[in-house]
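Look for subunit A in each of the two complexes below; its partner is subunit B in the first and subunit C in the second.
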Partner chain A sequence: MAEAGLLRSRLALAWLVLGEWRWHPGRFAATAVAIAVGVALGFAVHLVNGSALASFEQAVTGVNGVADLQVRARTPLGFDERRYPRIATAPGVTDASPVISLSARVGSGRFTLLGLDVIRAAAVTPSLIGTRPTGPDARSDAVFADDALFLSRAALTATRTRVGDRLPVTANGRTVSLRVAGTLPGAAAGQALGTIDIAAAQWRFGRLGRIDRLDLKLADRSAAERALPALIGADATIVSDDSQARQGDALSRAYRVNLDMLALVALLTGGFLVFSAQTLSVTRRLRAFALVRTLGLPRSGIVAAVALEGIIIGLVGATLGLIAGYAMASAALRLFGGDLGGGYFGGGTARVVFQPVAAATFFALGLAAALLGSILPARAAARAAPAAALKNAGDVLDPRAPVPWRPALVLLLAGGGTALLPAVGGLPVFGFVSMALLLAGGVAGVPWLVRWLLWPWREREIASVPRLLAIRHVQGAPGQAAIALCGIVASTALMIAMATMVTSFRGAVDSWLGQVLSADLYLRAESGDLDPATQRRIAAIPGIGRVAFSRQLPLTVAPDRPPVTLIARPVRGDAGYPLLVLLDRAAVPAGATPVWVSEPAARLYGWSPGRTLRLPIGGRPARFFVAGVWRDYARQQGALVIRDGDYVRLTDDRGRDEAAITLPPHADIATVRRAAAAVLPAGVSIAEPAALRRFALQLFDRSFKITYVLEAVAILVGLAGVAATMSAQTIARSKEFGMLRHLGLTRGQVTAMLASEGALLGLIGAVAGVALGALLGQVLIHVVNPQSFNWTMTTLWPVGTIAGVTAALTGAAALTAMLAGRRATAGDAVAAVREDW
Partner chain B sequence: MRDRFVTMHAIETRGLAKTVGRDRRLFHDLSMAVAPGELVAITGDSGVGKSTLLNILAGLDDADAGEVRIEGIALAGLAEAPRTRLRRERIGFVFQAFHILPYLTLEQNVALPLALISPDAAAARDQARAMLGEVGLADRGRDYARDLSGGELQRVAIARALVHRPAVILADEPTGNLDPDTATRILDLFARAVRSRDAAAVIVTHSVATAAVADRVLRLTAHGLVEQPLVAVDG
Partner chain C sequence: MRALLALAAAAGLAAPAPYPVVRPGIRLSFPADHGAHPAFRTEWWYVTGWLKGEDGRDIGFQITFFRVNPHAAGDNPSRFAARQVIFAHAALSDSRVGHILHAERAARAGFGLAGAATGDADVRLNGWTFRRLADGRFASRVGGRDFALDLTFRPTQPPLPQGQDGYSRKGPKPEQASYYYSMPHLAVTGAVVRAGRTERLRGEAWLDREWSSDYLASDAAGWDWTGLNLDDGGALMAFRIRRKGGGILWAGGSYRRADGRTTRLSPADVAFSPTATWRSARTGARYPVAQMLRIRLPGGIRAFPLRPVFPDQEVDARAAGQPVYWEGAVRTDGGRGYLELTGYTTPLTM
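Moving on to the complex of A and B:
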């Protein structure tokens, strides 16, 4: 019956909606823009992340060719080439192409250099085969020449060369002159790639007897997968396209999900803004709704009319948001890069890839936010008794009415409980659910907070009439205050939460850097090694006290996870002295080989002190005893420290990447630095701890830059919400101001009253936002961050930000209220008190 | 002469003229005087300018020509601030829609004009209580607008209009939202309170019953104010 009634009443419904739009076009436009901003941010961040991931996967495919399966070395040391014939003849394998993979550079241009057996690669990974140029100087033996280099278009651009040029190519610590013999048309756009003959690569770049991977062509995949594990050795692993994609995904997934969530905050704030605007609009129209209900419109008709407004706001806002989001994603990729400054996908350039599913999802979310923001006040309006509403909407307010606090408490308790649940699939799903529940509980608790904060003034005499009226109004109508504040409380809370997390994180990183950077000078081989001869020269530099060389290598522990970093360095005793900040430790049994695992590694792989684990180092699995867990904010995918001597025993690798030099007391760093520079080969950089610390913190700030932008937008949307709501509330109270002017309040006093109200609301909003933000910050620090990035830290409060946000919010709200008040009182006080609507 | 004039008339207008819109003349050369303790009703057709005249008397609107004096003080010569001060201290208002602030107690609503004049909260509270007692709402000071009927709300409005002992009370359709019985009781209360304070009151109304409580009834027409005979109304 209700539906039939609604259908018959569609003309009246259309009049109600269109009439409101004609009367307040600005309000509709503002709410649609709020939704558009939320959708645009969410969609843009998602598009950028998706595009970066797609470009990363394309890059992986580009370097891998299109092999069915790969046998890949677990570390850059490669594996023994004598395994090649055995693997090539394994059941299910029809062909195998050995590959050397090196990170190469020409001047400042960098590219991945692959050494290939052209005959084998032509059968297994034809996309990696170079093409000779056609023309008079084309040589038929170019492909097999030991100095013939084929470069992709991106590599030609990066190295600023042309086909036919001769280049000094540096890789693995050696510089070799190569001639650009042709191009790689099969390489993906933006993929900086080069290929040379595998024998030339092994010989000229010091990799004799080693290969980094075997690309396989299969006839029977399951037979191959059964046979290969026994043949590949402990220092290699089997990798498929699938596991590579998972590895790329795992590399940045938590970061991307966190950014997505942050972007959704703007949408949430937009939803609150719609809620505020629609609540006010509905309140203003209560008597109109009561009239049409009296005339025969069913109760559901009111809900339908307001919901229809919400749908139209949502449709317009979401459509605009998708268009703006796409444009923003293009701009962000150009300005910040594919990882929005996160530092996950170095090198390649990403182009925006339109994602229809994501577009549909964000469109639906925008629509849902607008619809929900409309339906809630519409339902309240539909429940109002028409007779009472027709009588006098203003008198409905009851300052003594108890403020509901149970829903807020239930939501807050549920949020707190949910925060204790573990991660799902490596993502802090329940952490985000907890934050959403806490946010909802916090916003629901604002009316109670308003009453509680103003409780001391309930009986107090207030001499100033403007101040008295301001305090009594806010105290008497906490629901209206909550409506004005919900958007800004949500965005402030999330901003304070993020600021608390970032401040704590930055403080923890800074203090950790201070602890670990205890030497006076650091050397790092940017390409290749510090070989034993160089190490001896460094140790003999006059004026140095002690030098500790270390080796850092990526070590693939699981094929579908990004590699951990294996660090070999001199270690004294069980405490990992001198450079490890231990969080937990176990006494090493006699005869055991210790390993100290970083906190992320311990959380990712479940390694705890006292456990024994097997690590594929040096061609066979070796047993290690976990001697401790150390704090590490540098390597999100985990790191392991083993003793220098154990590393040499297992690998016989004597090359090193880094050296930490400690000077005797009162030594002159500048003199030692000059002496070091004189003996160091090219490609070795020297840095002092202060510079390293500054560089690390710059990287940190860069990776969080995008979060600041998103927070700022959320705050701006929230402030726009406060402005719009206060403006609407002020206009709705023009009769009250008219009456006060009749009683003898000056315009200035009315404006002062509104400014006091605005400042009070802003202050309450800031208090609520900061308190809620502190709570959400704890969830970010102790739940979301450890579950996403496997880092823990102690809380540092961003006192400056809290004070700044509180002052800005109070000032902005007071100013907004004043401006709205001046507009409301500029009109005719006489007209305002007339009994019409 | 001037002093004598001031003591004779709380309100005096001379030659008032007002045109609204482009050329809609509401009244022209309108003169009237209301003595302290006198209650004058102004009637007239809708749109003739009754409320506009009331607002000009209150200093909330300006006449195109002519002069308004409240207790001998010419409004035309006053800037915004002294005009507001005069309204605050010497004029009380009663509106058709009551306009009782829902977030203040009734006591605070009544005390509001006193609070605008002096910061002495205790004195304001005591006077407001006494005034509420006078209008029959002695024990309702802690209540809110929501708890009251229309008639009771208008009593509160009358208490608010009188609490600071103004010389002039202006009422615009004070019983327009009330049933006849309640309207009669409210008007009696209003007339008694005005006269007992020796205030000059102007009531703008359509209602014959309302006009019946006045000492004089003036009908506003396009040609000016015309004195009407008093009509007794039963009940």
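Moving on to the complex of A and C:
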């Protein structure tokens, strides 16, 4: 008999669940969509990042051929070619292919120009070889000809040329007429690459005596790795595929992880939405569940049924999410490029690479969010006593009972404490954990906050009946309010946190640019150098006050890290004034060579003021004294400033690539600019600070474009959550509205009551969200940002965004509550009260 | 093999080449002519021979160094300027393997890594060497993935100038010629290393030295060449240059008896006729790997049947961007030597 009862009760439950789905398909669809949006965002961002990294690695391999190991110059000045025979005959080395690497352009088309010994390259890096001879007749005379240029398909496209054309190629400040003798069939698709003979490259492009890298073919890797360090000298470094990949990874890892996190936030918000939707749906069906409980179904049966709903929502949502995510990734790659506008990967176009593991992970995360969002309310519902629940569909909490605040406080404190922990492997892992804890704590604290905010109105007489009822309802049912609010609070908080971080960052960059760009005109050699003669001509331009020339070179300090920028320029006294914004400094002892390191460099390499460090500049490691740390938002991989005198002493390199011109007071910039343009060689650009600043901020906005998009999506998901929650709650209360109509309230008054209620909830949600967001923003600014990008900033509040979000939330909540209320009160009041089954 | 030269030699076509022209009337002088003649376009040091393994089996070997002046450097002051390019081939024909084992190297001269010295034989290329020792012996060290050879060659006879005292014509025009001498009956000692195992060897070899600026006529397709060490101490060299589309463009050779009396062979004195062909599955080329060589001597026509130790002695160096040819150890009645067949896949240009 008991068996049959259980069976019947299960049948009844199935009926109920199916009925719910049949009558409210939109509600389930909405929750599935919330999960889908979260999964889609996460998967898309991850796919785009993965594809970008893959294409970056492909690009690296493309330029490098497939050498077993490389000896590479630390700076673009190259290293002495006489090291080539010693390295080529080192133990374990089978063959060595010397390479000159230049960045070249033809008109506006740019490509990497490699000078190769075609015979050596054929043995070591065959993919870099032009049209390959297969028989005696096929061996063309172009092999050693000093004007024969082989271009990859992408380079042919970039320079708009065809095989057989003659074109002026500019590199290292020289323009040489070369003939396109053939193509590079081995070059990766999208790789703009050109090769010429190494002797021609050295001679025609002013690199006699220097080589930029040696591609090695190895017989015995460990023997080679033991022997090479002693042979390569201080201005070269050993690079393997591994360290290349690590370099590419290090370049953008923090950026990618941050975007991934942002995408997970969307999923988390989706989870909250499922939670609130399922809670309401469970609450509304409490009587139904109570009924099947009385028919003999155990508690676990109800949990299982709701969990099943969650699974179905999760499956549908996650599947849709994966499909949408893949589509979004393809679209984003086309629109923004592989780094989503971050500017990390130059050259090469990324193609979406499907990642099964990532797909499975995001699918599982989506499913888990839906499942958790369903099980939590189901367990609460299952605990309700069936007898009480049969009569009452309202708040399961007793409004008189004090609201617990301790769990929220503990979570918040734990979050605060976690934020103080250091980065793990260059990633702000604990920063994100802290944000998660703070978010959970904030959401847990919402019921208490509702009570606390409404406490002053508890005893007060309010003239307007609808408003009084609204306040009493929110006050009396804090559990329901909290459920409605948790999605809103979570999405608002994350949105405000992101907005605060971006605003602060942009403000910091803007004011920093103002301080740094203090000269009146800037000259920059786009290709090659300003040689000493050009420098003299520039200094002699009539009407200029002062001119400071500088040299900027990438300098590889550690093989598995992207190079830092070495800047050599005049520095007066021992301070970087006026162009450096010093954060910290140390007095330079007599006789020491000072170096000023940028904030990212100081954090990445641990260079604090007062320390002495050795830098591989000019063939031998030279000792430098860290004289100060300066603020720099331009070079995430770090930068160093040394005095130009020291630079010349170490390298004897007198070429410069930038000049900052200061004019005397009241001088006319336009006149000087015209005079400068007249003496400058081709390929030198002139810019005024305003233009540079505008350009820098454009770059900034472009790199945060995807952030803005994700933020907008978070706002939309949040608002959708408000709408769904409010309408669901309102519809569930139609019996109450009928009662109120019987007590004499007009329909207008009921609607006004609901609008007030909605606005109140929206406002509370916004206030809580903004407060929590401010807190999360501080974690982003002071923990996540320094730990991932190695720069610090001061907080600027996005007042406009905060006000806008608050208004939008309040308005949206009031509006949806009203709209839903109209529908709920449209029916016959008598029927609504009688509604009983 | 000489076809290799085609590779780099063609590179020189672009320059209006003031290469020295090969003319009759020179006098070879040693050791200077063992060394390089860098002004000429192409030059080679070419050793072929037969070795006896520890178990008594016959092993054929070939060691070749080529020097090419591609005239590509111009006045480029760079140390990388391609003033000379060095190529080298080494091959081993062991009937126990059944096909030829070969290795090849190439590099532009310079940086002490590759180059051919003047004054005496001293050619090096990425660790491969061919040089003349103080005691008059030649020594060579070469090696690849499959084998390494370390051999010394002791001359037992004076050099044999080919053609008119070393001026050897290759075509109808007098400038289509090379300076050419051979050193037959070199006594070889040394070792081969294979799969980590060293085997002591002795045997007999043939050195060909040739330099030229204009080797092949434009209507030549390739050549058949043989150099035979005869058991009686005699030495026979014969070649023919095949015309594109069929026919013979030029032929020549020399026959030196043990007592030193030498007969120079003119085009009409040399006839090659195939007796068996072998088709390479790799390249599709069909080689006349067995031939009947007839030469006209003062005492009448003598026939030398050339029989390969095994048919597959094709050197396919296309993987290294170099050409395909057949270079095989052959037996004849009363002698042993090498047969070289070029231009059977595509015509050569030199």
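One rule holds for everything that comes next: the second predicted complex is superposed on the first by the 807 of 837 C-alpha atoms of A that agree within 3 Å, B and C clash if a C-alpha of one lies under 4 Å from a C-alpha of the other, contacts with A are read in each partner's own complex, and residues count from 1 in each chain.
As a working rule, a residue touches a chain if its C-beta (ideal position, glycine included) is under 8 Å from a C-beta of that chain, and two chains touch if they have at least 3 such contacts.
All values reported here derive from a predicted model rather than from experimental measurement.
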| item | value |
| --- | --- |
| Which of subunit B and subunit C A:120 touches, first, second, both or neither | second |
| Contacts of A:468 with subunit B and subunit C, given as first, second, both or neither | first |
| Contacts of A:95 with subunit B and subunit C, given as first, second, both or neither | second |
| Partner chain(s) touched by A:739 [first = subunit B, second = subunit C, both, neither] | first |
| Doubly contacted residues of subunit A, that is, touched by subunit B and again by subunit C | none |
| Complex contacts: residues of subunit C adjacent to subunit A | 3, 6-8, 10-14, 70, 72-74, 76-82, 85, 106-108, 111-113, 126-127, 318, 320-321, 323-324, 345-350 |
| Complex contact set, residues of subunit A against subunit C | 81-82, 84-85, 88-89, 95, 98, 117, 119-120, 122-123, 129, 132-137, 139-141, 143-146, 197-200, 202-203, 208-209 |
| Contact set on subunit B toward subunit A in their complex | 51-52, 55, 58, 60-61, 80-81, 84-85, 87-89, 91, 93, 95-97, 99-104, 108, 112-113, 115-116, 119, 121-122, 144-146, 153, 160, 173, 176-177 |
| Subunit A residues within the subunit B interface of the complex | 392, 394-400, 461-465, 468-469, 472-473, 475-477, 735-736, 738-739, 741-747, 829-830, 833-835 |
